[in-house]
Each structure stands twice: as structure tokens, then as C-alpha cells.
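You will see two complexes here that share chain A, one where it goes with chain B and one where it goes with chain C.
== the complex of A and B ==
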């Protein structure tokens, strides 16, 4: 498990007073009883942790922990200087 | 008895979701502990546009319940008149042909009620029977059709009219920055709809008599001890929203069983229902309905589209979806549809239709 995955799993677990072992990459927010408000609060924590800005309208498409990991990786990659052009 | 026509009316002021969020951010400013919570909630309501009876900049000038409720009365009468005319005209009818009017709203109060004020403006017969309905909230669109069908079932030569006017923007509360109110301000819009329900012995011109589906059966279901799920806390400044995150849970726990037993009572099953006309409650409610009934993708497209285009119009929402179904997605003869809504109580109203 890479660093982004483990940190997001920790964050999700903490938000619902769970242990990290209770949360899998394929856990759905419904399974974890994370409602829309929880998801928004989680998005603020993810933004702070990874220094990224999550587009407001993207939250509804996030259904699993893996969706969050992929979203963070995409946003972080987009924020990096383009290596190919440097 | 059948649904013969639906007329709808939306107020003139139309805004994108981002415009509404910006106006609320300006209006509430420092009252919001985390402004991004509002924009993020609004961006995920499944709503793109809404119509309001006033321009956004006018809402802060409405102070107190009286001023707000007066706007509800004047605009309710105006929108009611428009959608009643739109519902009756295609059938070659006028309000003189109406024997009973059911008026549903949960966003303002008046006595005499809006229907009475319309009777003074339109040529309803003096003998028209009035049934104003307050408090059913979002379920009143489906329940109103059900109660009007009860009426024409008893009086099959008569025509009943259901009118719903919901001006949800007039319930925004300046001193309530609760999550429920932030969601409410992002979800609910203004609009009105009228439905013509005709008895079995009513003779309309042949081309128009078959215009809508027959109402085969209706069922009300009350969920005991769920008062906390949805409603209003009514106080000095008007209506303050009560909206629990448990709404989808109640749907998941109850809807399928209730729909299946209703259909079974009428000799059919879930697979016999060709289309679903559901109240556009919000993304979480619609997702819960899809999950509960294991509906195929796009089965609730009409509800999702309505939510996106005008927001949740409380009782008028399911009537908007019905209007779109009548205009663009009629069932083939013999097929079944379910029209349904849930609302404060908490409760469910089901209407079985056959095309």
C-alpha cells in the first residue's frame, strides 16, 4: 500500500472513529456510513493533508475510498511541474 | 378515472446553482463558520438551475413572516392561475367545468386559501368543493392526485382539479445556518402545477379523453415515530426546515416492501412497472429509491432531470415529472407506471397508473 492510500485510509477511519483495518480501498462510503456531510468534511481534511483543492462538484462521483485515492493522485499530478517539458 | 392533463408554471427569475450560492455567501457572510461548506453542499445537490419568485437581491429585503407570506399569497395566486389555465385549455375545459379543487402547499398559509382567491378570479362554479391541504409537504403531489381520484371515484361524472403551489425560496431563514438549512437553500426551488383528474363517466372530445393514464389504485403508508425525519419548525420568523440525514435510510428500509405489496394487491409485480414517476427529492433520496427497487439506470431519469433543471419543488415536483412524462414519455397502451412521493410524517403515497 502506498503512502497516499495509507494516509487516506487513516483519515477515513479517524473520521468515523474506526481503526484503519476496518477500512479497505474498496470500502464504499455507504458501508462506512459516511453521508454527504461527512464526505464534505472529509474533503476539507484531504485538501489540507495533501495541499490540493478538490473541485466542489466532484464529491458526488466519489463512492469508495479508492475513488478518493485516485482523485488525490490525479490532482497532485496535475499540480506538479510538467517533467516532459522541462 | 384518469389523469387528463397537467399544467405547470415556473416563476420568471432563473438562476444557476453557482449564482444562488454566491448570493447566499454575500447575504450570510460572517454568519457562515465555513463558507466552503455552503458552496460544496450546493455543488452536490444534483441541481443546476432554479426559478424564484423574486430576484435574488430582493430576498434580504423581506423581513418577518408577514412580508414573506404576503409574497407567497400574491405569487401563489398568479402562478396558480397560469398553471390551471395551462392544464384545462388543452382539454377544451374552463374552471366552470370543475366540481372540486384540492389545493396543496406547505410554503405559506392563507385564509381564505389560495384556491378561494382563484375562485374569485376564474369562473369556477359557486358550488365547487374546496379542500385545501397544508402540511403534507413533498408527498402532497402524489397524495393530492390520490385524494382527487377518491373524489371522482365517488362522483364519476365530475372533474377534479389538484393545484400545488410551492414557493420554497420564501422559507429561507437568515438566522439559521444549520446544515439542514444550507442544504434546503441549495435544493429547493419555486414552482406550481395543476392536474385535471376526470371521473369514469366524464365525456371529453375523443382525441383528448385518452390523453392521460388511468388511475387504477392508490395507497397511503404512514411510518410511525418518524416525525423527526422531515418537516417545519414553525416560529416567529416563519418556516425553519427540519431535514434529517435519515431520509434515505427510511426509504431503504421501507420502500421496496411497500411497493411490492401494493403491486401484489393489484395483481402485478415490480417487473410489470414500465416507468416510474418519482418526486425529485434530492440525490440521496433518488439513489435510495434506485437501490431499494433495484431500478435500471435511467429508470428515474425524469426525476433526475427535473431536479437538475428546477430543483426540488416540494409537492409540485412529482407533478413536474408527470407533466414531462405526459408530454415526452407516454407509456404504450396497457403498460403500468407508478407515481410516488414521500414527505413529512414520514409517509409514502403510491399511485398505480395504466396507459
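== the complex of A and C ==
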């Protein structure tokens, strides 16, 4: 499991008072009982942790833990050229 | 008009997180006032620069691991500690009374008192914002709402009737119970959950009170000759109010009857109280008891749970108000101030003191005012000190006073219930 995956799983678990072993990449938000408020809080925590900004339109498409991991990886990759050129 | 009784109680307080613990501490005069940890988040290490060293904090509240206090992760993250106290206290009261099984959930009222809201979230968010331009967490809005606990009680219990929060500073909890009492007595609501909750003991809050110069350097000693201020506290108390006939029909335990409620405003000064205002609220509570079928209410008062903050000004003005309201009877009525045990929890104070008053009537035992060795003789009051004492014979009423900053006064009148 790579670093992004494990950190996001830890975040999700902490936000729902679960242990990391309770959370899988394929866990859906429904299974984890992550409601709309939980999703906003989780997004805030992810943004803080990875110094990214999740666009509003992407929030609605997040349904699983894997979606969050992929989204973070995509946003970080998109940010890299800017970071390299600065 | 219906007779209104109390059939369920709940509390999270510095002297107990169950009604049984609270009652035992109350009767034993066990105070919850203790030195606080001087290391506040973001504050200077070790020395917070406060003139006082004590508060009355709730101990052993654990909504993650304690099944009786359990709250979901969603509530924990979105509701301030004050609201969490209120939810658990309301749950206790509702469970004990069984009101959810016997009244229309669409019509039950929930009326709470919380004046400060979620100060901890507000302060932390602002500290992070102004010191490092941090983003503010989305939960900051939800955690700072004073009515957060009120809403969460409704959500947990599935109650869709009149649900509101009152913020009248130190009288909030008393106003909440009084309004609920009037609604149930008039038949506007078939039953109600009422009380107060507060958890304001943040660094900024303590600093602000320190600047007011009304906090005791040691601990509050209401009505004492050497009294030198209040002690800040936190907690929640909730109670179930319903008509007597409904309680009797299902054999519910009746703790006490609520018979009167009086309100007034000093219309004078934002901090300086006037005896005329508090006295008027007491007289109105006694007059209101007539609508509950109580004759000659003043002659039946055997206990006054005073606002009794322990500041030189409050206690002198309150004593004068008691004399104005009760005349020649005043010097012989036992007066106690349970803030000497619980601290002053602002919006929750009136509810916690109503709880103390109800339990005192239920047991016929009046709790002592802690920490007082010599009562101020100039007040001419019979202050209960040392040990609990019995409710005087042939007396069956008690008053619970709340006199808020801003001159907002609220007084409840309770009656000992004998089946």
C-alpha cells in the first residue's frame, strides 16, 4: 500500500472512529456511513494534508475510498509541473 | 390549566454525570471546584496570566468509549462539547420518563438554554486563522451554533414539535424551563424536554472573565462574609415536564411539581443588578403559582436556591430582592447556593439549579452551601451551611432564582409532590 493510500485510509478511519483495518480501498461511503457532512469534513482534512484543492464538481463523484486516493493522486500530479517550474 | 410535573431528569455536571451521582454530591456538599490545568492550547506555557486558579469542570465525559454517553462520530465532529453534554443529559431524562412512548412526538417541545455556543471551536478556528492564515474547518459553523444541542436532541429522539434555544446569559436555562412549563400547563405542548447546556471554559473566555474582575481567586463562597467572586463552570441538566394526569396514568415517578414562573427585566444596567427587578420576578413566580392552584404561595416557601454567584454585589442585591419579595418571611426561609458546588455554568446554571431544587424537594433535604464558614450578617438570610438540613415542616414550595447580566431575571417555583 502506498503512502497516499495509507494516509487516506487513516483519515477515513479516524473520522468515523474506526480502525484502519476496517477501511478498504473498495469501501464505499455508504458502507462506511459517510454522509454529506462527513464528506465535506473528509475533503477538508484531505486538502489540508496534501495541500491541494478539491474542485466542487469533483466532490460529488467521490463514492469510495479509492475515488479519494485517485483524486488526490491526480491533483498532485497536475500540480507537479507548476511546482517544478517554480 | 394543567398541573405540570417533572418525570425525568438527566445531567452532566462537575459533581456527577448521572442524577444519582449529582444527588449524592449535592447532599454531601462535595464541590466540583478544583484547580485547572494552566496549559491552554495556544496559551503561554504554565502561566496563563489569570488571577484565579480554579474552575468547575465536568470529569469523565467520554462519548466515544462510555456506552451511556455514546455519540456517533458525526455528532462528535459537528457538535461542541456543550451540545454533547446537552444531548446526553436529555437522553437520560427522556429514557427515565419514558415520554417518547406516551406522547405525540410531533407535538413534544424541546426548549433549552445555551448562551455561549461552541466557544472552543470558535476560538481555535480564529486562533489558527489569525496566527497563520489557516483555513477554517467546515464544522466551525456547526460547532459554534448555540442551538446545536437543541437540534441534536430533536434528531436523536425524533421529536418534531416546538424546538428552540434561549440565550439570556446566566438565566437561559431557567427561562427555557419556565417557557416549557407554561406551554405544558396551557396545553400548547403535551410534554416537554427542557434544560440547559454550556461548556465555555476556554482560555479566551477565562481571560475575559478575569478582566471583569468578578472571579474568586480561590472558590466561590455565596453569601459569606468574606465572599470574593464567582467560579466558572460547565455542564448540562435536562428534565421532562408533562401533565400530572399523564404521569399518574402510567405510574411514572414524579420528582416534583412546577407551579410558577416569573420573569422581569431590570432595564437599568448591563452589569449592575437591581433588587427591584429580581424581587419582581420572584413575586411574579409566586403569583403565577395561583394559576396552578397554589394559595398563599409565599407562606409555603421552604427553600430558595439562590442565583448566589458569590460576588459581593450579586449576593447583596439578591438578598435585598428576597426581602422585597417575601417581606417578614424572608429571614426564616432557608437559602442555599449550589454554585458553591457546581460553579457558574452560565446558560446551563439555571437548569442545574432547577435540578438541585427538584432533588432537594424530592428528598426533603436542602443541600449546603459549600465553603462558607461565616454568613454575611448584613444580608439577614438563613443561609444553609455545613450540612444538608431538612425541608421545614409545613413548607412545600421552593424557588430557584436566576439573575442574568443585562438585568434579565427568571424565577421558577416548584412544589414537593406527595402522592
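Throughout what follows, the second predicted complex is superposed on the first by the 81 of 86 C-alpha atoms of A that agree within 3 Å, B and C clash if a C-alpha of one lies under 4 Å from a C-alpha of the other, contacts with A are read in each partner's own complex, and residues count from 1 in each chain.
Convention: a contact is a pair of C-beta atoms (placed from the backbone, for glycine too) under 8 Å apart; a residue touches a chain by one contact, two chains touch by 3 or more.
Since we're looking at a predicted model, the values are computed, not measured.
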{"item": "A:3 touches, of chain B and chain C: first, second, both or neither?", "value": "neither"}
{"item": "Contacts of A:48 with chain B and chain C, given as first, second, both or neither", "value": "second"}
{"item": "Contacts of A:60 with chain B and chain C, given as first, second, both or neither", "value": "first"}
{"item": "Chain B versus chain C as contact partner of A:36, first or second or both or neither", "value": "first"}
{"item": "Which of chain B and chain C A:16 touches, first, second, both or neither", "value": "second"}
{"item": "Intersection of chain A interface sets (partners chain B, chain C)", "value": "35, 37, 40, 44"}
{"item": "In the complex, chain A residues that touch chain C", "value": "15-17, 35, 37-38, 40-41, 44, 47-48"}
{"item": "Footprint of chain A on chain B - complex, ascending", "value": "34, 36-37, 39-44, 46, 179, 245, 283-284"}
{"item": "Of chain C, residues touching chain A in the complex", "value": "64, 73-74, 76-78, 135, 137-139, 142"}
{"item": "Contact set on chain A toward chain B in their complex", "value": "35-37, 40, 43-44, 56-57, 59-60"}
